[in-house]
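What follows is chain A paired twice: with chain B in the first complex and chain C in the second.
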Partner chain A sequence: MNGARRRSKEWVITLPSLAWLGVFFVIPAALVVMTAFRPADLHGGVMSGWTWENIETLRDPAWLPIVWRTLWLSSVTTFACVVLALPMVFQMARSGPRMRQFLLLLVVIPFLSNFLIRIFAWKSLLHPEGMLTKLLVHLHLAPENALLLNNSGAVLLVMIYTQLPFAILPLYAASEKFDFQLLDAARDLGAGPWRSFTKVFAPGVRRGILSAVVMVFVCSLGQYVIPQFVGGASDEMLGNKIQQRVFADRNLPHASALAAVLMAVVLLPMLVVTAWQRFGRREDAA
Partner chain B sequence: MKRSRFPALLTLGVVAFLFAPLIVLVVNSFNASRFGGEWDGFTWGWYEKLWEAEEVWESLAVTLKIALSASLASMLLGTLAAYALHCFRSWLQGLHSMLVTLPLVMPDILMGMSLLALFVITGVETGLLTIWIAHVTFCMSFVTMVVLGRLQDFDFTLLDAARDLGATRMQAVRKVMLPLLLPGVLAGGLLAFTLSVDDYVITFFVSGPGTTTLPLRVASMMRTSRSLPMINALSTILITATFLIATLSFRLQRRA
Partner chain C sequence: MDDFLVIDDVRKSFGSLRAVDGVSLSIRQGEAFSLLGPSGCGKTTLLRMLAGFEAPDSGRILIGGNDVTALLPEQRPVNTVFQNYALFPHLSVWENVAFGLRMSRRPREEIRSGVNRMLELTRLSEHSRKRPAQLSGGQRQRVAIARALVNRPQVLLLDEPLAALDLKLRQHMLVELNEIHKQVGTTFIYVTHDQGEAMSLSDRIAVMNAGRVVQVDAPEVLYETPKSSFVATFIGDANFFTGMPVELQHEGYVRVRVEGLGSPLVLGGDFVSSHEPVRIMVRPEKISLTLKRPESGDRVNAFRGVVEDSAYFGTHARYHIRAGEHVVIAQLQRSRFSGGGINPELGAEVWMSFHPDEGRVVRLEDAA
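Up next, the complex of A and B:
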């Protein structure tokens, strides 16, 4: 095939998905940033003209606790997910092929189960009349009128629960490429299990750790459904505010300003990672 | 060789943590007690109530309509995208690959919010069509990834062999390549289907009056305590369906 024909064939095959993503992914994201600088009308619409007003209101110090809460809930969730996922993936990779497939299926089923149903399951477990509360009270581990629901502990627990598969799956993919003979070598050289895990296995799957961290952190940043259903009034995250601005206040420009901030916070770690991976690849090649 | 038991024990713990809430849900769907704090005897009652709740089945119909059409469209777009990404190396594919990966890491709320902004500004009324567009957009990238994985295992010299044996280009593609790629495409389609059935956040942003999908219905049921035990029954049915689809998808991807 000559060059020109090959190029036109490439365009024909690429165009459908490229155009779809351009119209329904890139343009909408740009529109959000644009709308952040538009005045709102009282009927939930967007007016023409430009304004700094939406951005100005974000400088109110009342936003700081919400931004801070969003960041710390996401950070703790990310840390807990990676710490739980690493030894599990280590175990999966060392199991036989049938056991490995089975464990993978066990991770995928809760991952694919309806998100709301998983939240509902925890909501009914943590409910004052629910099983977990009754069990803890029965074992005298909690006071009679214990409230497990509507606090930041519940939000954190359910966030870790829903995000855990997002940490396990990329780590598992990375561990498939890891050479497990390195662990035998480490043991022969006198390293104990803990040392070979932290000094050989963890650095060996660092790309996987990186994608797990980004996946979980970024997904957590945009979370609002979990605080809405299992959190209290003081557990709201940035996402809750965006959702309220859109549906309760019907102020799309203000919601867009918040979404633009969130978008910037999300893109930042991804850019850092991309840069780091470029740099890392050069380092590997050297 | 002395191995630490810690990873195995932790794995057991994590699996228990992942499944305990789901198992409690399934057990409670047969529990006569309203809150499920204790066992009040076996009952089919919640399933009977669910059977009579017509609005739930209407939502299921809406959900299936969207999931089927969105997974078909994303299978088509995703397979083409994967083929382009696999066969060509150019600046265009660099851009293409970036655009395909970004939706995978974009938080749902931002995707919902930006599509809503698009529909509000262009004056498109939210409804079935807008939900379908949103679902195709986020499912497509997942299908692309699954098919791309499959293409990387595909031996392209088989096509040359078919041509040498006298097949036309179309015959080679239709009789050799498609059957070998089909399991990957189907697995991608199944993933898209489950993601579409599951989605709450994005759908919430782009849905309109009269287009209550199943997750939206579950969310509104969660707000009225009367219907809580019915959600247990509905969840049990959905978890069973997820289990069957996930197992099927695993079979498809393994049969190489």
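Up next, the complex of A and C:
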């Protein structure tokens, strides 16, 4: 009785956020999925009635490379971010409180300038006449007429750059809770620094790794600004196609179909991860 | 084999703090040895230097004749049982115990038999598939011991091994640790701030204070003949009286004039010179209380006092007895009070007495 009453109180507290999620996320998402099954008219409007046509067109094999590229770029970004973030958070969690605050500030500072401005900054850095290109050529680290811009390398580089904080923050939260005496124990039992890191630290922050993977992967899948500005013609991702359908082709139903597919691609792995986490937690508690 | 583990003038400072200030010790093979002292005395730093987690600023550490001072923790023939056990939470009991053997890349069959034998010794076989979070405190500690001993270390370091356990379990684990030590015969080095723990676990104890070793002796020697007031108070309780030596007798006895207590006869030790004040120490349980003056002549020290306070502890009772400016603590088992079957009451006038062998002169300078 008491517990039930308390639970009803907890419900009241979550109502505002539930309402927010409902109005600004669930309903729009449902609208997108619905629109995916509407016929489009030639003037950019959405007609009434239902059709499979928008979904049907996605079966065109021409989509495969784009879907594949989107998954590939996102996976590499995710992997690189986690691999780069792990040693960083390891050092952060081991430093003193002041140094820790300072390093955390360094991670957050890029957020103070606009996302687009940072991408334009990269564009000018990587430009054939840009500072970075010139420097690399000067140091003989790049050939004379190196093209660092407008290729998938540039897309990856900038994606990793923008997503890295989203890997660092959840990993940092996890490693703050990590008991560093476990590393002493690992060394004591004959594990060198590398194996202490891989066999004890990495598994110790595995929940943080999981959050980081989901964060970075999901955010990367929807990217369209970065490939548009620093990528080449053959570096388009699903996000770019959606953008073109909306703004260039003015075909909302088709854009919605793409968005719905992307949403499914995002939600499915998250469901799997959540299920796995639940299972893992039950196993830990048993 | 008197010098299996040799610590040779080891020093370590953190900034201006001299954590370990010139410690030298020789520990026998198979010995159960304790580093005992209050927190901040340097015992943990010394242990971390033995394990290899800290490098000494100067001095050497030798194990079985080999200088290990420069070796990393993973290279030393030493394993540690950490204070909070530091078990790997993501691994099962079995995998925790197997960790060390896996790191040294032993053959699969050797790992299996080694781990199983160790789990049997620590009576953990039935828990081998559980995670550390599912175990009780005592079981976790046995995992920590098994995980360390399975590597057949030449020296096992145990950092406050019983501090995380409750009283009942602690008494049980004391017996168990002694049992395990007897079975494996490895050199055990305990670090503890608990004198009771150190006394019942070790063959010898090094009492440390302010980065130095103050006295190294067997538990009973430390208790019965502490060399300084620090050791006397750290191991057990003690009454201290300051006075002037007035008469040096043969066989090391000395008569000391103490204001308000007359001139008790005590054992002198090496610290007596005739014109400097000395401090004498008497354990509370060595003091007898009687209603009448004890009879046996001048080789018993006896003086009068008034019971000011008493506390009952079940196994014993403690009395605070005022004699002039002094408050003497006496500890009795109730059955031994020989005042005609009654207990001393508050305000009662009683006689305190102790044998000359039970009082001794201790070093003055490092009073605790």
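Here is the rule we go by: the second predicted complex is superposed on the first by the 267 of 286 C-alpha atoms of A that agree within 3 Å, B and C clash if a C-alpha of one lies under 4 Å from a C-alpha of the other, contacts with A are read in each partner's own complex, and residues count from 1 in each chain.
Note that in this section contacts are C-beta pairs under 8 Å (C-beta built on N, C-alpha and C of every residue); 3 or more make two chains touch, one makes a residue touch a chain.
Just so you know, these numbers come straight off a predicted model, no measurement behind them.
By the touch criterion stated above, A:W52 is placed in contact with neither chain B nor chain C. When both complexes are overlaid on chain A, the residue A:I13 reaches chain B alone and has no touch with chain C. In the superposed model, A:V266 lies in contact with chain B only, and not with chain C. In the superposed pair of complexes, A:W68 makes contact with neither chain B nor chain C.
When the shared chain is aligned, no partner comes close enough to touch A:W276: not chain B, not chain C. Once the two complexes are laid over each other on the shared chain, residue contacts for A:L112 go to chain B alone; chain C is not touched.
Looking at the superposed arrangement, the partner reaching more residues of chain A, out of chain B and chain C, is B. Of the two partner chains placed around the shared chain by superposition, chain B is the only one that A:Y224 touches, whereas chain C remains out of contact. According to the touch criterion, the shared surface of chain A, contacted by chain B in one complex and chain C in the other, consists of residues 187.
Across the interface of their complex, chain A is touched by residues 51-53, 72-74, 78-80, 82, 84, 86-90, 99-100, 103-104, 131, 133-134, 147-148, 151 of chain C. On the side of chain A, the complex with chain B involves touching residues 10-11, 13-14, 16-18, 20-22, 24-29, 31-32, 35, 45-46, 84-85, 87-88, 90-92, 94, 101, 103-110, 112-118, 120-125, 127, 129-131, 133-134, 161, 164-165, 187, 193-194, 197, 214-215, 218-219, 221-225, 229, 239, 242-243, 246, 252, 255-256, 259, 262-263, 266, 270.
Contacts from chain B toward chain A in the complex involve residues 1, 3-4, 6-8, 10-11, 14-15, 17-19, 21-22, 24-25, 28, 34-38, 76-78, 80-81, 83-84, 87-88, 90, 92-93, 95-96, 99-100, 102-103, 105-111, 113-118, 120-121, 133-134, 136-137, 140, 144, 194, 197-201, 205, 215, 218-219, 222, 228, 231-232, 235, 238-239, 242-243, 245-247, 250, 254. Touching chain C in their complex are the following residues of chain A: 179, 181-182, 184-192, 195, 199-200, 203-204, 206, 284, 286.
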